[in-house]
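In what comes next, chain A is part of two complexes: it sits with chain B in the first one and with chain C in the second one.
Then we have the complex of A and B:
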């Protein structure tokens, strides 16, 4: 299970923070990066998140697959944005500076390229931080920490249950799929999408029926043990806040505040160097 | 049954696990970023129809969050929220149905599919793109195209998978009064 979510157990200051802290920081950090398109601020966030990745002693080979994957995704999105609105940048910044002496719908403008730079920075500001969270947070501790930041424990327990049953469902899906393929159901790329959809259904029916049985069994077992009787519950994986946790959250709150302040100072969500 | 009971909690958890596994490992790419032929929405619609809106909204939220989380491309809140909305609305519409008592007739199939088409359209053509524009400031026509393609694919997937699952599940449950006293 831990492999699925890429949790890497390696002693570092980031690992020592509680899951709740990291969850709150992730939310605040992504809000800070989400609200503003200020290039300078996004640049600082990007550098900071790469530094944090270094501090947490995560090696390039641990995350290289995800980084490459994200880079491809980012490239594709950038191309799509350019194809769909090559003048998105000029609309935002209000000026139009053609580059290389070209004009026309798809001619590159300084504003558009600057918009793409911002778009790119927006990702580099958040993606390393998300990887950091994914790699340094134990999934079970994450479920426990949700309860700590004010999520109802029944909901937090649903998250824990989901984490617990993902490997089970995965194994069961694999077993059923092998059995159905042995009986001649085509699941590979050779079949048409609609046909694949139909064969997926023939795997899903047994999978769902057995999952419904599982829901019955698990909920009966929990009810028999009196789940939900008390207002609070304790968590095996839960940990208490330390000064470092509070400091980390304070820094992130400050970042959100800066992000807001920049929006007001720039009088828009964009930093405009063109006027 | 439809209130927030222990069963709802468990159904949410296992529903989210199903949503995650199907979305993460079984998705068939359609060539447009963030848009897959996602059979998990059929399952989400089914879970919501049987266990109610709360299970639907949470299973969609948790399942989709974990999919984005495990791909490592960042959590796209706009799309996660749209998934959660779809789960909630399907649970809401289907709250009158009695699938768990073995009833899922022609009328239910019609209501179920009409509801899923409307819910998918609202989720992917209104909620997801609008949030994309608000949160990420993406160009409007790009996100609306993504949303429209996504909605179309999801509608087909839900129509095939969701309906089939509801019919199969209802058929597997003994009907009320199906046992007769021997005379």
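Then we have the complex of A and C:
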């Protein structure tokens, strides 16, 4: 529930890829989308990422919250950009085409709107892919994947441990907060910010103290079962790369290459239809 | 010495940070297939001994070792922690913390993963071991979905994957309800028979461990071995109570009746004990002469709930209509399995959660509209782990916290804090930092900080969990004193002894309902309730039946009343 991952177990070709593949693909895909403002390319990526979301059998209701949240954020972001530099587009594309017969500082220009379209496409190209990763990667497999792509296993395992203990810590926070409220510590908005900060401390101190006890036990438990003995370890949830994994990564590398090539062809990061 | 798995010879250990050794002259050995119980009060050095056996000493905790400790013929100091983990499998007391995997299967595989065993092999081996401890249907479950007993099974499976020679259990009963504890002891017995490993159990709840036979008991006190003998012999002597270990209740009862306990009558378990007709007569005679105490006089109605129903947001119905009445001055126990609704009930009463149906009355008034803080002026809530409540550095500040947040003038606070600290026996420590206190003292600080608010009623969650007999007695006598001063006390507990000895009445929760509301003596002699609520019948019940006493419940009550009168 309150987890970093919102893994949805609904078999699909995307689910069958290893976590490592998806992690690498996410990085490559994001690079590809970041490098360029080429509208045509971003448009294809956007369409593709929605298609992939469909292929992975993720339903709208699974991701609606994140989608709406991002959309709101994106809208706000665009409004701010427009308010602060309404002529950013004209500066980039070098022309100035006023629309609707209006002129002036905040009058819309084709260039500015085109710039906003690109901005929007960058988000639509990457956000669905991030959701795809979050929803189709089994958290247990994720640590194994990190280790596979070269992250040290102690670091990779600490990710798994965090996922393991976050719900415990949340529950403990909840319990402590209730007990402290019973002693009269005001946690609601009625208190001044300074008071609330103090109140938070009265929950964090016991939380940290009791977590410290636990950390010692956990690290003992791990050492007693041989954690840290060898330079390597295997993973119960580990999976080997299959042809599909290699293919997926190859496609993503290709995308980065295309993105890079487009920058050279366009002689800039922007695709300019105005000249 | 071939089959000697573990041998201590004149072994001693002193932590680097300590001025005196923690262990002195330890000498004993454990053979293949033996089952040993190590008992002793808190602070006797049992935990240090456990660390020495599993290698955390000297590899994680540093200090000075003297004498010799050999495992399979090799000095442990010449091995590594990882070598030792191949021979000794440790099941820690806190099986929740020992659960390091995201799912059962991963946790069981953990040791093998660290040994670089191929993933395909893991997929074969893990289900095998899971089957051994009967957890195979839960392989893809996360720890939050498991009960305490199931988590312990996973911990056990996690060390059994390694084919260890010695299984070491550190207080396996500490976090389990009575029936689950019984199953744990059965499981340990079963595992020993299946794997042939030597088993070392460290536990102070002697009677519960002896439910299945052990070969020897090593009794420790103040860092030394006091006795190393068979259970029958140990129980025949007076060693136990002298060393802060509670002897089994049936032994105490027999002693009251002047029955002589000798190794010949096999006193190690109520199942094995052989009583002569003469002995039985003695017990019956004692029963006839022992007087039942008069019932305590109680005040008016303090707390009353009327078919309270509560469901969590996730749809789990935790309370299905709870109606209870608590009278002023009562000392009440609430018992039942984990998830039966005991804690949820106390949360609803304190206002942490709000019931969907039903009413709660305090002194006749409906408290529906009262906030957490307002209810806390009347009903104090003490959490199980004092570390979860303490937020100040100094004792006096911690106790004053609730008063300060209520804007009480400083001079009245000082007066009140002084009074409460004296009541709680914390006055000599008033200027100490809390971190310097023991667990039991911290518990008192948390109780003191609740008492400072002058509540009429205190709810305590597991007041004695993880405490040895002496600390248990300390805490409970203190609560009894508070109760006698007029404060109503409600205790949520798993501890059958606690409910027998201290509660005027016990309420049994099962699956969100109340299935019994009676004296502890009656509840613990009623088989149906006992089974339904995962409790455990007291051995006194079996003793009464064995001796031909018609009303075992009454016998148990007289025993407890006698004990209260004589012992206090």
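To be clear about the criterion, the second predicted complex is superposed on the first by the 263 of 275 C-alpha atoms of A that agree within 3 Å, B and C clash if a C-alpha of one lies under 4 Å from a C-alpha of the other, contacts with A are read in each partner's own complex, and residues count from 1 in each chain.
We adopt the following convention: a contact is a pair of C-beta atoms (placed from the backbone, for glycine too) under 8 Å apart; a residue touches a chain by one contact, two chains touch by 3 or more.
Bear in mind that the values here come from a model prediction, so they are computed numbers and not experimental data.
When the shared chain is aligned, chain C comes close enough to touch A:238, but chain B does not. Judged by the touch definition given at the top, the superposed model places A:73 against chain B, while chain C stays out of reach. For chain A, the partner that touches more of its residues is B, with chain B and chain C as the two candidates. Once the two complexes are laid over each other on the shared chain, residue contacts for A:186 go to chain C alone; chain B is not touched.
Legend: residue contacts after superposition of the two complexes on their common chain; A:116 is shown touching neither chain B nor chain C. With both structures placed on the common chain, the touch criterion links A:227 to chain B and to chain C. When the two structures are aligned on the shared chain, A:196 is found in touch with chain B, with no touch to chain C.
Of the two partner chains placed by the overlay, only chain C lies in contact with A:178; chain B stays clear of it. In the superposition on chain A, contact of A:57 is made with neither chain B nor chain C. When the two complexes are overlaid on their common chain A, residue A:159 makes contact with chain B while staying clear of chain C.
The interface of chain A with chain B overlaps its interface with chain C at residues 160-161, 163-164, 168, 201, 205, 207, 209, 214, 218, 222-223, 227-228.
Partner chain A is touched in their complex by these residues of chain C: 54-56, 59-60, 81-82, 85, 90, 92, 94, 96-103, 105-106, 109-119, 122-123, 126, 143-144, 158-159, 162, 347, 350-352, 372-373, 375-376, 380-381, 383, 385, 387-392, 401-402, 405-406, 449-450, 453. Chain A contributes residues 139-140, 160-161, 163-164, 167-168, 172, 175-176, 178-186, 201-203, 205-207, 209-210, 213-214, 217-218, 220-230, 232-239 to its touches with chain C in the complex.
Interface residues of chain B facing chain A in the complex, by the touch rule stated above, are 4-7, 9-14, 16-18, 20-22, 25-26, 28, 32-33, 37, 39, 42-43, 46, 50, 58, 62-63, 66, 69-75, 135-142, 145, 156-157, 160-161, 164-165, 168-169, 172. On the side of chain A, the complex with chain B involves touching residues 4-6, 30, 34, 37, 63, 66, 69-70, 73, 76-77, 80-81, 84-85, 88, 92, 122-123, 126-127, 130-131, 134, 154-155, 157-166, 168-170, 173, 193-194, 196-198, 200-201, 204-205, 207-209, 211-212, 214-215, 218-219, 222-223, 227-228, 269.
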